[in-house]
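Remarks on the structure that follows.
Naming follows writing order (A, B, C and D), and every chain is counted from residue 1.
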């Protein structure tokens, strides 16, 4: 097996925890991929910030209706039983605790659940979108991310160094190497790649991993 | 996913003593009479639920619906804007006897507090009631030279709602002015129980005309020939 | 002519100030009567708190639809171009300043614009309804009322004695004897019954009437 | 009453230098391209309006719509949640050169602030942005053990809105996800200017499916074959 999960495999793993009938918001970009990997027999209902509930896959190229898009401005289709609503009602769903799961990307996650995913610092143009709302209100706020940055530094840290999106909001992190819960402001290791030792994993993690009695194998199909 | 349920027992499961209960409707328009009467039946058979806090614009009329709940002794407190009606005996007698509590909330504030409960807004400011007895004890603030009262969100353990169409995912439409508080309450309750005049398959309600998206709905029961509280009143019906 | 206007005549006078196309809320009871007296060629759009815009007269007896009522729980009909909405949207119209006129009844009005119209004291069951919202937000908040109580005491006062509905909110009062504006916390007399002297009017008014150069005749048709 | 107007000059009358302007749409979905371009035409012909504060979720894309307004030099400040897009050059260049102001607002807070503006709620509390740089300088409060940021209403001098159907009284429907911020903005602006794909007589829109009641609308102009910003983008159109 490879030394780490691909993005598709991380998305696949996150998809396994979404229950049938769950209301789910997937952040723009990488998290959108989670929708592809719903287990057979389960159907989540996807919410997009711009006012659609129960949308489906992208239409074939050339058949896009640009009035029917998701928060990432990509063309979508509707499933039977969809609904349109305005932006205030849409964020009432988000902020009001009506979503079962929100899955976001991350630059950094701290062991206390702090998330940084909107700004890499004072340079450039800041842009926050819906992330600061999404991290509050959803019953579970999960992150999918590579375990380390492109140059190998840990993304799971004692404390975030980049501007925060929200404090104490993340409850589970799906990485390329592990599945980690955040409980009582600690990283609790739930699953790791079977070929990797706890010490190896700890060496690329910026805060101490709490080790429960049982640690599962993180195994994803080839995708 | 299918949120429809076959009977009242399943529809009303989880409504327990001491809970807060939002009930849709403005007078008879939108009042979910069958759900209310089924809850009264349960109380008469089992003694529960009692000690309820009821949230509705009014406090019942005549001897049916909310008035019959109050008469039956299920209600400890009423949160409403206008506890008067053509025949407000049920509430008035208990209130003057000190047997039922009352929190009076201006109608727009009541609507906005429920909306805030569903939308995750814990508090907001409104000009309504500033400088009046109703604002006593509430924080006030000045914005742009005008005074406002701070009001808190209002949520409930359960809501009883009357809809027109419902699909199996819980998307709802309403009928005329029967809409009133119901879309707000559906979002503000943990357990939202809907009686719909007709249940249809997902896709049969145009996504453009959905008023309450299914995310706010827990269970749906079909009541094809729902009664109208006002009509029952005029027929002199007493539910007991 | 009679010594004072009837309720219908007060309502008629108030209706003359409602412009074509104005958005209007009429309080339950006596104020509802204003709708009957719209001048020819003008059409106001009536709002009711329970979620209807552009409703019309009551249907014939026996043809009521009890899902289609006004805030007074009376059966109504729709005009072409009506709209239904929920209670929060309805009070957004009220509180957000979108109504041109709200017309309410009154127990007492003070010269500073304070209104008391919801409670006659600590006895009985208190009930406020939408009045506390309606007195804020509408561009003009007008009152229609008999000039004095049933036992002859002034209803226009230096200060209200009953529990307030709102402070400093009323801008015009239509009474059985006069039309009075509230400006800079004073009652300014605009019109009075032609057969009545200013002294007579002042004697049944509980605060000083400011007298502008021109005072019109308050004349209404027999109704 | 007839709120329809025959031409852009009448539709856009009253939009002056230094005003705040809400513009409906989320990306290209719901963007009132024809109204925006007509306002650019007026600016090019007369030098006005300039110094505008624009309120939209984004800050333009490519060389059409809001991006073309920014390019033309009409915009002093942008209030938005996400000033990025497939081609954000117009805004980015001016921003990095210090020629345009930016107020970043989380998307749900932006929606709720506009909704509050229309609903007469001067301030409210939200959990969004608590503890982040975006909340700096804003009052905070604790409710039921959780922390919240106080946010103020957002109103505008004018709003440009794209609707699907409009009747002459101003009742509106929208098309699919093009609804987004538009119903909120229509209520929050002093002057609400609508381009509708089709104007119909009062009574032709079912009162049950009206999304924006006419009370929130000032003027309507019919644009039967409205352009889609995303389509223009992909065709490489530059409006200038």
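Following the convention adopted for this analysis, a contact is a pair of C-beta atoms (placed from the backbone, for glycine too) under 8 Å apart; a residue touches a chain by one contact, two chains touch by 3 or more.
Predicted, not measured: the structure shown is a model, and the values here were computed from it.
The chains touching subunit A as well as subunit B are D. Annotation: A-D is the more contact-rich of the chain pairs A-D and C-D, by number of C-beta pairs in contact.
The distance from the centre of subunit B to the centre of subunit C, with each centre set as the mean of the Cα atoms, comes to 30 Å. Annotation: 36 Å between the Cα-based centres of subunit C and subunit D.
Centre-to-centre spacing of subunit A and subunit C amounts to 56 Å, using the average Cα coordinate of each chain. Looking at subunit D, residues 112, 115, 119-121, 126-127, 174, 176, 207-208 sit in touch with two or more other chains. In subunit A, the positions touching at least two other chains are 52, 84-85, 88, 91, 94-95, 136-137.
The set of touching chain pairs reads A-B, A-D, B-C, B-D, C-D, using the touch definition from the header.
Partner subunit A is touched in their complex by these residues of subunit D: 26-30, 57, 81-86, 88, 91-92, 95-96, 102, 104-112, 114-115, 126-134, 174-184, 211, 228-231.
By the touch rule above, subunit B contacts subunit A in their complex via residues 1, 115, 117-121, 167-169, 171, 187, 201-203, 205, 207-208, 210, 213-216.
By the touch criterion given at the top, residues 112, 116, 119-127, 141, 143-144, 146, 148, 152, 173-174, 176, 207-209 of subunit D touch subunit B in their complex.
On the side of subunit C, the complex with subunit D involves touching residues 20-21, 23, 43, 45, 47, 52-54, 78-85, 88-89, 91-99, 136-137. Subunit C contributes residues 48-52, 65-69, 73, 84-88, 90-91, 94-95, 119, 125-133, 136-137, 163-167 to its touches with subunit B in the complex.
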